[in-house]
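In what comes next, chain A is part of two complexes: it sits with chain B in the first one and with chain C in the second one.
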Partner chain A sequence: MLKILIPTLMLTPTIWFSPLRQAWSATMTYGLLLATMSLLWLKHSSETTWTHMNSYMAVDYISGPLLVLTCWLLPLMILASRGHMSLEPAERQRMFLLLLTTLQALLILAFSATELMMFYLMFEATLIPTLAMITRWGNQAERLNAGTYFLFYTLAGSLPLLVSLMVLQNSTGTLSLLTLSFNHFNLDSTYSNKALWVGCLVALLVKMPLYGVHLWLPKAHVEAPVAGSMILAAVLLKLGGYGMMRITMLLTPLTKDLSYPFIILALWGLIMTASICLRQTDLKSLIAYSSVAHMGLVIAGILTQTTWGYLGALTLMVAHGLTSSALFCLANTNYERTHSRTIILIRGAQLILPLMGTWWLIASLANLALPPLPNLVGELLLIVTLFKWSTWSIILTGAATLITAAYSLYMFLLTQRGPTPPHILALEPTYTREHLLLALHLLPLLLLTLKPELIWN
Partner chain B sequence: MFAWRGLQRDFRSLRGLLTVTRDAQRCSRLPEGRLGSRRCLRTSARVYIDVIKDLERHLASGARKVADALPGSSWSPIEINPNLPPECADIVIVGGGVVGWSIAYWLKRKERVREALKVVVVERDPTYGRCSTVLSAGGIRQQFSLQENVYLSMVSADFMRNINDYLGVLNEDPVDIQFTQSGYLFLAGEEGAEVMQENHEVQRKAGAKVLLLSPTQLKHKFPWLNTEGVALASYGLENEGWLDPWSLLNAFRRKAVSMGVIPCHGEVTDLKHTTNVMKTSDGEKRTMKRIKSVQVQMPNSLEFQPVDCTIVVNAAGAFSGRLTQMIGVPLPVEPRKRYIYVVHCPGGPGLDSPLLIDSSGIFFRREGLGGNYITGASPTEEEEPDATDLEVDHQFFEDRIWPHLANRVPVFERLKVTGAWAGYYDYNTFDQNAIVGVHPSVCNMYLATGFSGHGLQQSPAVGRAVAELIVDGSFQTLDLSGFDFRRILADKPMLERNIV
Partner chain C sequence: MANYEEAPLSSRPKTLDPNEYFNVTKETRRVEAEKAALRASLKRQYLQQLNNPHRKELIEDPALTRWVHARASIYPYFRPSYKTSILGLMFGVVPLFALYALFKTDRDRKEEKIKNGTLDRKFSISS
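For the complex of A and B:
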């Protein structure tokens, strides 16, 4: 555990004291090294669920895949940011790298926390570097508004979470996940217990995001620089899912009844946000709304509290993390060349950048859950779980699958096929770094297609 | 019958609910307030106030009252100039003349979803003191020698006839560009008759209704005309005339702003670009430039705003060459000064007077109904006036215009020059025709300039063509690929023989 965390923290002097060019290459290489080492977390050699333990941090079946995803993303973020950061002064570049590394360390701590209070602290702490990234390095004036929405939506939800965790600490005596699984909770259906339930979950639902409280996400994703969008879409949303998986363990009998409106809202949000995607003119906004849609399905799956629900949620979270991050990188390649995110201005790009068209195809097909990619596996598991929970949900999930396919293909066909306008005929050819970035996103996805047991056991 | 009465009463009462009538004098009311049986002793006219129309005013005054009542003030230490253009935009149109605003309007019409494109129009002179649009004679004709020009004018004339369908804004006054439909009359001597006949063929094939007249027919139609030396005349029967360019410009601007185009008052001082050396398939090197941002300087100030943009449209008219100089790319468009003189002649040609263009190069048209006429001439290359300022040379009228005018229309021997002005042609020195399309070396600069005197009349059609090029990728309705910049590089001029 510490053999990954301490090197991540030690990247700080690397960034600050090396010459600038080496700072970028060194951080990225060490990040890749750490990502390779983090694959060890997927191996569970002991009988108990918790492995790689120390007194504060541990890895189990749910946090393992998410931890690997987090570690994998740091080198990818650094690779993606080299383009637009090269124009900035040296200190700001180092500051940016420092923010990314700090965020990485906090996320490792968050996912591996054994104590719920530590999880909460790290959950809150990740807000600060992300806010700094969005408001400082975003591209447009709207980034200030986006940062405010991002910060205050999450903070408003997490104050009840703090209070609820304190209450739970007082009533059970501990918040350590290692022992809480042995406590048999039987919460009565009183008003205060229901308030406790809502208080525990609302912060995580805002983070996921649930459809009604999702407004911060399109703003934050669109205004953030590419590294910010990547980490937001790939990992920060999954913090909410992971937290829900942990906390619902403590709220046992209440969840069956109280989850009803939230599941409905999540499923409705699935259709609504998928439909909104069809009308988006901004490419990053389209990808952001598709994130809301996929996460809606994940929320519904987690709240059904079944094994397949958790499996499907985990699979979809990992697969969606890689896919969404890849799509944001693709949108960024367009943005760096033409300085525009408007879809109708960059059309027919396959004629000019054919290899990038291949990546667009794979990423779009992954987004629409093409078999046998893990996106489909996750979605299928969740749809079946929801069907078991209620037969009528198939109408909503089926319609949503259809609309997801529609907007993914719409995005692909509009950006890649069709007539090429004259002003993009002489775009810069694709850099090797961009090919590498997308390959590193999509190869793990193909790997998971062949061996999904990596994230299941 | 009673149902109709009831319906009338209901409608009147409904209208009464929606409008607040304020009577100049208080009317006496009967104790029972039943509608229809109220009698008012009103002696002045009713003043209707439409609450819904005034809603915005009421809301604004309410907001102001609330802001005054609340503590604090709206002063901020950072003075943000409200006129600054946005930091980034999709399309920056340099030049707020009729072509620029036409392109802005058509771009907004062609975006499929509301607010898909962020369009900024940058104009450095809101008084339009040196703008070619407002200083033009405002004529529209179809009698060109190039088929594309004929099509452009026909489409534009159709646009202007139905202008309120296109540029009408809800709840605002309708557009009136005072389109006076009247033909152009070209006169040709012996040398020019054959060319006129060829042009006539082209025009007829394109669908324009133009009539060729012999001198006798001409004399019969226009008795005030002296047909000496005229071999052939060409008279446009429809889609020709003159209009008020200022109203057209304002109509385009009002509609475009109502659709969400951002107007900016500032001057483009620099185009920040990146240069890329690329190899063609034959192996030769080409330098491709891409504009990254446009520096817009605020008027009377050192403050400037770099606007990051995807596409720049060069619709700067006579000053387009100066804009492309900022990026180091030559453009064969330069300002050429043309004079227009307003003359008063009481007994001159009446309502049937066409816009007459003589073979000597002079032209005149009727202006209004008070015996005023507008006249001018295109100078030859030797007598080109200096284009540094817009001072009028009255000697030009005496030497070059009046003799030919008096020769052609004998009544004009006794006229009085009441006024004169000068304006620029954005003169394409290569072939005096429009340059429409992307510049071959600057990847994202679209050109819509070089109209050489027929920009105003082609502006609606050219605006639509450029919008199609940007949004659809190629021309959809009219194929203007003949006006591409590449003809200049390949040295294949598209000469327009009928230049006025």
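For the complex of A and C:
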């Protein structure tokens, strides 16, 4: 565990004291090395499910895949940011790299925390680098508004979480996940216990995001630079899912009755946000709303508290992380060329940049959950879980699958096919860096198709 | 100008309407001259940008910028009206309650059957 965390922290002197060009290449190379080493976390050699242990950090079946996803994303974020950061002065470039590395270290600490209070601290701490990235390096004036929405939605949700964790600490004496699983909870259905339930989960639902409290997500994703969008879509949303999987263990019999409003909000939000996607004119906004839709399905799956629900949620979280991040990279390639996020300004890209069209096709097909990719596996497990939960949910999830396919294909056809815009003078050809970036996103997805046991075990 | 009679089944096109050339009031003429002046200055601005040999970037369309900004900033300009309230209720409030009623009755009925032991597990593999 420390084999990966300490090198990540030591990337700070690497960034700060190397010559600038070497800082980028070195950080990316070391990031890839760490990502390769982090694959060891997927090997579970212990019957108690907690492996690679430390006093404060451990890896188990749920945190392993998410940790590997986090470690994999650091080199990808650095690769994606080289384009727009090359025009900035040296200190700001180093500061940006430092933000990415700090975020990475905090996320590793968050996912591997064995104590819920440490998870909460790291959960809050990841807000600061992300806020700095959105408000400082975003591209439009709306980024200030986006940063405010992002910060205050999450903070307002997590204050009840702090109080609830304190209450749990006082009542059970410990918040260590290692021992809490042996503590058989049987919460009575009193008002204060219901408030405890809501307090524990609101922060994580806001982070996921649940449909009613999702307003921060389109703003934050659209205004963030590409590295910010990538880490937000791929990992920070999954922090919410991971937290929910851990905390619902402590809230046992109440979840059956209290989860109804949230499952219903998640499923209805699935349809509503998928429909909004069909009407978007801003490419990043479309991808952001599709993230809300997929995460709504994940929330519904986690709240049903079944094995298949957790499996489907975990698979969809990992697959959606890779797919959404790939789509944001693709949107960024458009943005770097036309400096606009409007979709219609760069139609017919398949004729102009055909190889990028291949990546668009694969990413769009992954987004619409094409078999045999793990997106489909996750969605299918979740749909079946919800069908078992209640037969009528198939109407909502079936309609949502249809609309998901519709908007993914809409996005693909609108950007790739159609008449090429007459006003564009010249577009830069696709850089090798962009090809590498997308290959590194989609290759793990294809590999997971062949061996999904890596994330299930 | 020759005075054409209108054909029985078709009306006179606007460009052949004599009122377009004669009987035009001074006010209408002034307004049309102002509009033509504005159009000419916009066209001059665009053509200057278009034919600038040192231009490397795209010509920015201010109407497009305004449209994109309008589509992105909905919340500050929201005005609760009859139509928006009905839409909000229909798509945001009523479905939630309807779905709650649906799911709750369905699951409670299933729970009753499980408690009575009468649930018919049709596709059960382990029996």
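Assorted remarks:
What we mean here is this: the second predicted complex is superposed on the first by the 455 of 457 C-alpha atoms of A that agree within 3 Å, B and C clash if a C-alpha of one lies under 4 Å from a C-alpha of the other, contacts with A are read in each partner's own complex, and residues count from 1 in each chain.
Following the convention adopted for this analysis, a contact is a pair of C-beta atoms (placed from the backbone, for glycine too) under 8 Å apart; a residue touches a chain by one contact, two chains touch by 3 or more.
A quick note: this is a predicted structure, and the numbers were derived from the prediction, not measured.
Model built by superposing both complexes on chain A: chain B and chain C clash. Applying the stated contact rule after C-alpha superposition, one finds that A:281 touches each of chain B and chain C.
When the two structures are aligned on the shared chain, A:195 is found in touch with neither chain B nor chain C. Looking at the shared chain after the overlay, A:414 reaches neither chain B nor chain C. Of the two partner chains, chain B and chain C are each touched by A:424.
Judged by the touch definition given at the top, the superposed model places A:338 against both chain B and chain C.
In the superposed model, A:260 lies in contact with chain C only, and not with chain B. Judged by the touch definition given at the top, the superposed model places A:392 against chain C, while chain B stays out of reach. Once the two complexes are laid over each other on the shared chain, residue contacts for A:348 go to chain B alone; chain C is not touched. In the superposition on chain A, A:406 makes contact with neither chain B nor chain C.
Note on the chain A alignment: of 6-14, 60-68, 114-122 or 402-410, the part of chain B that runs into chain C is 114-122. Overlap of the chain B and chain C interfaces on chain A comprises residues 281, 338, 340, 342, 345, 423-425.
Only residues 86-88, 90, 111-113, 115-118, 276, 278, 288, 290, 292, 308-311, 437-438, 443-444, 446, 469-474 of chain B touch chain A when the two sit together in their complex.
In the complex of the two chains, the chain C residues touching chain A come out as 56, 58-59, 64, 68, 71-73, 91, 95-96, 99-100, 102-104, 106-107.
Every residue of chain A that touches chain C in the complex is listed here, in rising order: 142, 222, 260-261, 263-265, 267-268, 272, 281-282, 285, 338, 340-342, 345, 389-393, 396, 423-425. Across the complex, chain A meets chain B through its residues 139-141, 279-281, 338-340, 342-345, 347-348, 418-428.
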